[in-house]
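Labels run A, B, C and D following the written order; every chain starts at residue 1.
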Amino acid sequence: MAGSTLGTLFKITTWGESHGKGVGVVVDGCPAGLKLCEEDIQQYLNRRKPGQSRYSTPRKEDDSVEILSGIFEGRTTGTPISMVVFNKNQRSKDYSEIAQYYRPGHADLTYDLKYGFRDYRGGGRSSGRETIGRVAAGAIACKILDQLNIRILAYTRSIGDITADPAHFDRSEIMENPFYMPDAEAAARAQEYLEQCMKNQDSTGGSIECVISNMPAGIGEPVFEKLSSNLGKAILSIGAVKAFEIGDGTAVSRALGHKNNDPYTLSPDGKIIKLSNHSGGILGGISDGSDILLRASVKPTPSISQEQDTITKDGRAVQVVVKGRHDPVIVPRAVVVVESMAAITLVDMLLCSITSNMDNLERFFQR
Amino acid sequence: MAGSTLGTLFKITTWGESHGKGVGVVVDGCPAGLKLCEEDIQQYLNRRKPGQSRYSTPRKEDDSVEILSGIFEGRTTGTPISMVVFNKNQRSKDYSEIAQYYRPGHADLTYDLKYGFRDYRGGGRSSGRETIGRVAAGAIACKILDQLNIRILAYTRSIGDITADPAHFDRSEIMENPFYMPDAEAAARAQEYLEQCMKNQDSTGGSIECVISNMPAGIGEPVFEKLSSNLGKAILSIGAVKAFEIGDGTAVSRALGHKNNDPYTLSPDGKIIKLSNHSGGILGGISDGSDILLRASVKPTPSISQEQDTITKDGRAVQVVVKGRHDPVIVPRAVVVVESMAAITLVDMLLCSITSNMDNLERFFQR
Amino acid sequence: MAGSTLGTLFKITTWGESHGKGVGVVVDGCPAGLKLCEEDIQQYLNRRKPGQSRYSTPRKEDDSVEILSGIFEGRTTGTPISMVVFNKNQRSKDYSEIAQYYRPGHADLTYDLKYGFRDYRGGGRSSGRETIGRVAAGAIACKILDQLNIRILAYTRSIGDITADPAHFDRSEIMENPFYMPDAEAAARAQEYLEQCMKNQDSTGGSIECVISNMPAGIGEPVFEKLSSNLGKAILSIGAVKAFEIGDGTAVSRALGHKNNDPYTLSPDGKIIKLSNHSGGILGGISDGSDILLRASVKPTPSISQEQDTITKDGRAVQVVVKGRHDPVIVPRAVVVVESMAAITLVDMLLCSITSNMDNLERFFQR
Amino acid sequence: MAGSTLGTLFKITTWGESHGKGVGVVVDGCPAGLKLCEEDIQQYLNRRKPGQSRYSTPRKEDDSVEILSGIFEGRTTGTPISMVVFNKNQRSKDYSEIAQYYRPGHADLTYDLKYGFRDYRGGGRSSGRETIGRVAAGAIACKILDQLNIRILAYTRSIGDITADPAHFDRSEIMENPFYMPDAEAAARAQEYLEQCMKNQDSTGGSIECVISNMPAGIGEPVFEKLSSNLGKAILSIGAVKAFEIGDGTAVSRALGHKNNDPYTLSPDGKIIKLSNHSGGILGGISDGSDILLRASVKPTPSISQEQDTITKDGRAVQVVVKGRHDPVIVPRAVVVVESMAAITLVDMLLCSITSNMDNLERFFQR
């Protein structure tokens, strides 16, 4: 089954393996007339680039993007935008060992069970490099949102037990530390914690939060195409994500109704607003105009230098050490991926929701 | 946008409002030759029926299903199975008051913002009755899974702070208490807690777990159509669900790599199995053959008899009490909905995954 | 595979068999606020009703439609519109004979080969009654088009060798003869011809034309979602249709470029218009603002009272006569089906095409 | 709206403009384990390459394909296959003139009306070069069909009034003349006719036929996903195609039932076969096991060197001559495109149809 395409009107199709010729994406359904250049994309890719700090793999990749189609005289033409990042680092390594056994926590075994064999070089299609296509597409989605004055922001909420303190939330701090945390003090503690993880040849998980503000109301559909369920699908499709929460998330299971309901009031300019936002900006699957808040829980990097039990392709029990230097935590580089997937979903649902009533339609086609 | 259809090869389309003529579903893509009768469906619907205990609304609905198409001589024909539950209770009540204001925690406001007006009777399309279609379809999906020897089981994991103790997990207990909890002692405490909620004119949240066992490996696709992301979308599309977790879920954010990775070993009969199952049966989006474990967090019933602040349609701030008797907790009746949505997703992905390699294909078409 | 759903934003799902409990359709994605009642639907259904003249089957069916959801206070709510026509005539007949052999020209054999068995009563799902759902949905699509001032008109172009003369095209004549021909003289000749067919226990084919006028430009997408290819799919999905033509259709294969190209000129009010319309209103898959013209070729009714060679389920060669009275021609009752499928496709593509450029989008979301 | 993706399980996404950096396609859902190399693709691309005879444009393009992903050790991995043909000829020409007016018969005007502007260089996205992606994907589909012993063959049926004589059908002749006609004598007459067209600075239309043999029965779905309607959509999405016919096509409108029905008989080895094939191998939308026969009518090349009336972007009436050398007929180069689109559709529907009954499913999942 084809599984690398996402979206209804704004549709992305990613392709590529870690050690093939390159990775890329085709973005189809982007409205015509959007100003777009490679630098717009590159900025987003740089946020997920390896080798930025000692807490991410030192693989030296430029990850420089090329736009192959869909742009003319600096603007999108409405036709598919094909983007590629050629792999420059793919020859060198010897993968004969990794080909022989199944790394715990990776997709090695499931690919073999599904397909009969796999491209084992650097994880093949299940490598983190697969997210390059997502981020390149996300950069375009973010630019559309920006044009519509919708703001999206993702950041690291926690690494292991260290959580950014909402009371000290500082937006400007996010780009100032290697973890994209909105709290300098938490970032400092995260740094110590990660040093310890590395010393122990271990890795850790964490969580990412994403806030969308100035959101128009009425986006999302009842029943299956809820804004929340589509955001959930998009975020849960990111490799290491094991949980998705909207608004108060898992905490609602312990909440009382009189607290969890968000009461309505009138804003000074007469609009209906909510006095709290436990719902995370979505009611009945449809945006209510307040901020959308979502959260992703990311598992620890599966590649660790400790010895682990596994089985070889030919059925022998062995103990293995996954060689190479590994990120002790996936979270910081995944922040821009979460932002991208949320933006892609929002743009698609914005486009789909325009036609929900006849007034809109008639206004549109009155000629 | 059409939002009431879900699935690729096994496709369901639900319709209906709380106080319209009825609610229903069309199940398309069900393989031919499955034995199926109305009683198969009714059993599942009975599990979500109101009025079963004093912890659920006393609305007297038979909710009796009629199959209108797709069955011939007791077996599915491969063509769409249309099912309907006619509403019998829809005339009586006076909805003139509820029509005037927006109930906190409900979709009243967002429907009006999206569509310009709404069917306010009993919540219209956003009513819990919308899940009848899901459960009727789920009954079919469960029967297919059963035929393939795949077992699916959902139950209440927690109500408020009271959590079923995994150490005392007792499958046979699930159908013995009104909360579908697998732990009699926890169920007893939940009962006391709910009495208190009702006394306080309040409601509470909870969580539901679902386990799929004897799962074939290789189901699900890399990238966007991961088994986990599609399960997530399906579960998050259920009205009151605010979080979805697979395997260890949010706990992975605090885990260490050497603990979170599931080591492989050989089973006595020489199959590769995992020594633990933190991943919840899915690696790289593809089933690994071990149990799939997922969890949904459900918010408290938004309808409560306490006074709440809100705004009327014509813009006045008012305090309202949502009249009628309300379930103090949604969870017990949602258990079968979670099971249904998981089963529907599994069947669809089973059908889609068959064609993943040429060996399968050639075996199939060798004539 | 699910095959009974069509459309992206305006989505229809049909269900039902000739001799099951009923046939129906769920229309999802209809914009909210459209005035709609059962009478709007019934008018369209009456145009395909059997027993209207001696050239159609005398089956006495009221085919009266019930709307089960999606309407509130006389207007569409934006949620799925479920419609059903209960079968009233389904018990009586003896189908034991037809169950034993494969009728030439019908889908009996292919259903058995695909599904292992079939609902043989009256053709089951492959019966002409399946089009009731299409027409009910088409009635809604036509009402939307009407609201947008887009006009759609289908009629019988030819029956056998008798073709309505374009030079004598008379719109008002269409509803005046039992064949929906826009030419009284051709209709009279068709009548004679059909009498002869019936005398010979034979049937005949014909063709249907559909014109859409006052069409907005810019509808349809390049490449696969061309307006022409989606119209083609929709029309070719009607049971007996074996050819689809747009504009000059098959005649282009014999045309010269200097004649086939439509030159542009300016209309008196300064709009760019075409001096001819060989292209049928579509260039590069996108509507150009001139009339859309399409044509369907319909095969002769396969049920005939002549003796035919066939094979029984258990493999014996036999000669059979398909009992009962049969329409000598499918075309007249298929006219409204062609109109419906064209309208459904147009509405879906109108909704999908709104978001093709940023100007539209910004205008829409400027708040 | 995204319009460049086609297919359900076997999904292709094309991208690229005539004079951008390149054109390409992503093929997703190709089963793993198929032997595939660039040479397999190149062979198909060479069949549509320009400059092969004096009846096609002399543009010197190698059109050499690169596979960027989805292949490992010479076999498909089951993940997306990304293919690109870089444009080598795109800089040179001056397009300032063509930018100013709308060429009759081209998509210039409709792109401007839809998107607000267009990439006018060489037709941009609406150029015939867009078919390169289709043919590259088609080469893979054809290889899958071949592996399943299904044979597909397309050829030129007619050019202008000159039609290959079915009585002289000679398969081996197809690759022997520049028109891919299965009849040497007709090809010779076509050559003379085209010389005349060129002398007159004119172009001509033609038709293409495609036959699929050794087809398994049971492929295709009732109602909307009929094999015939999906083949129709695929073929009608090819730029210049204005009509699609299956089996006897438009001729059925003049046929009598007793002739049009294909009687059944038993083959010497006891299989049910048809004595004729007016239906073109499809009954009720489902393949019946006999040859599938389809036909496409292709309009004359719109670019001609004669003077034509048109309008400029700024609204002036002008007479224009489309400069450059143009193919006097599109048909020969479109033969492989028709074959490709048919093959792509067949493979998708083969994959989708496997799961139509429980026997298939249980056989599959019995472990």
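Everything that follows uses one rule, which is that a residue touches a chain if its C-beta (ideal position, glycine included) is under 8 Å from a C-beta of that chain, and two chains touch if they have at least 3 such contacts.
Nothing here was measured: the structure is a model prediction, and the numbers come from that model.
**Q** Quick check for the class: compute each chain's Cα centroid; which one is farthest from the centroid of chain A?
**A** The most remote chain is C.
**Q** With respect to inter-chain C-beta contacts, which pair, A-C or C-D, contains the greater number?
**A** C-D
**Q** What whole-number Å value describes the gap between the mean CA coordinates of chain A and chain C?
**A** So the centre of chain A lies 44 Å away from the centre of chain C.
**Q** Provide the C-alpha centroid distance between chain C and chain D, rounded to the nearest whole angstrom.
**A** 26
**Q** By the touch rule stated above, which residues of chain D touch at least two different other chains?
**A** Touching at least two other chains: 1-5, 8-9, 14, 29, 32-33, 78-79, 114-116, 125, 222, 351-352, 355-357, 359.
**Q** Could you list, by residue number, the parts of chain C that touch chain A in their complex?
**A** For chain C paired with chain A, touching residues are 8-9, 29, 31-34, 76, 78-79, 144, 147-149, 216, 222, 350-352, 354-362, 364-365, 367.
**Q** Which residues of chain A touch chain D in their complex?
**A** Interface residues on the chain A side: 1-5, 7-11, 13-17, 20-24, 26, 28-29, 32-33, 66-70, 72-73, 75, 77-82, 84, 114-119, 124-125, 351.
**Q** Within their complex, state which residues of chain C touch chain D.
**A** Interface residues on chain C, with respect to chain D: 1-6, 8, 14, 102, 104-107, 109-111, 113-116, 125-126, 130, 158, 160-161, 197, 202-207, 217-218, 221-226, 228-230, 232-234, 236-237, 239, 242-258, 260-266, 270, 272, 275, 279-280, 282-289, 297-302, 304, 306, 308-311, 315, 317, 352-353, 355-357, 359.
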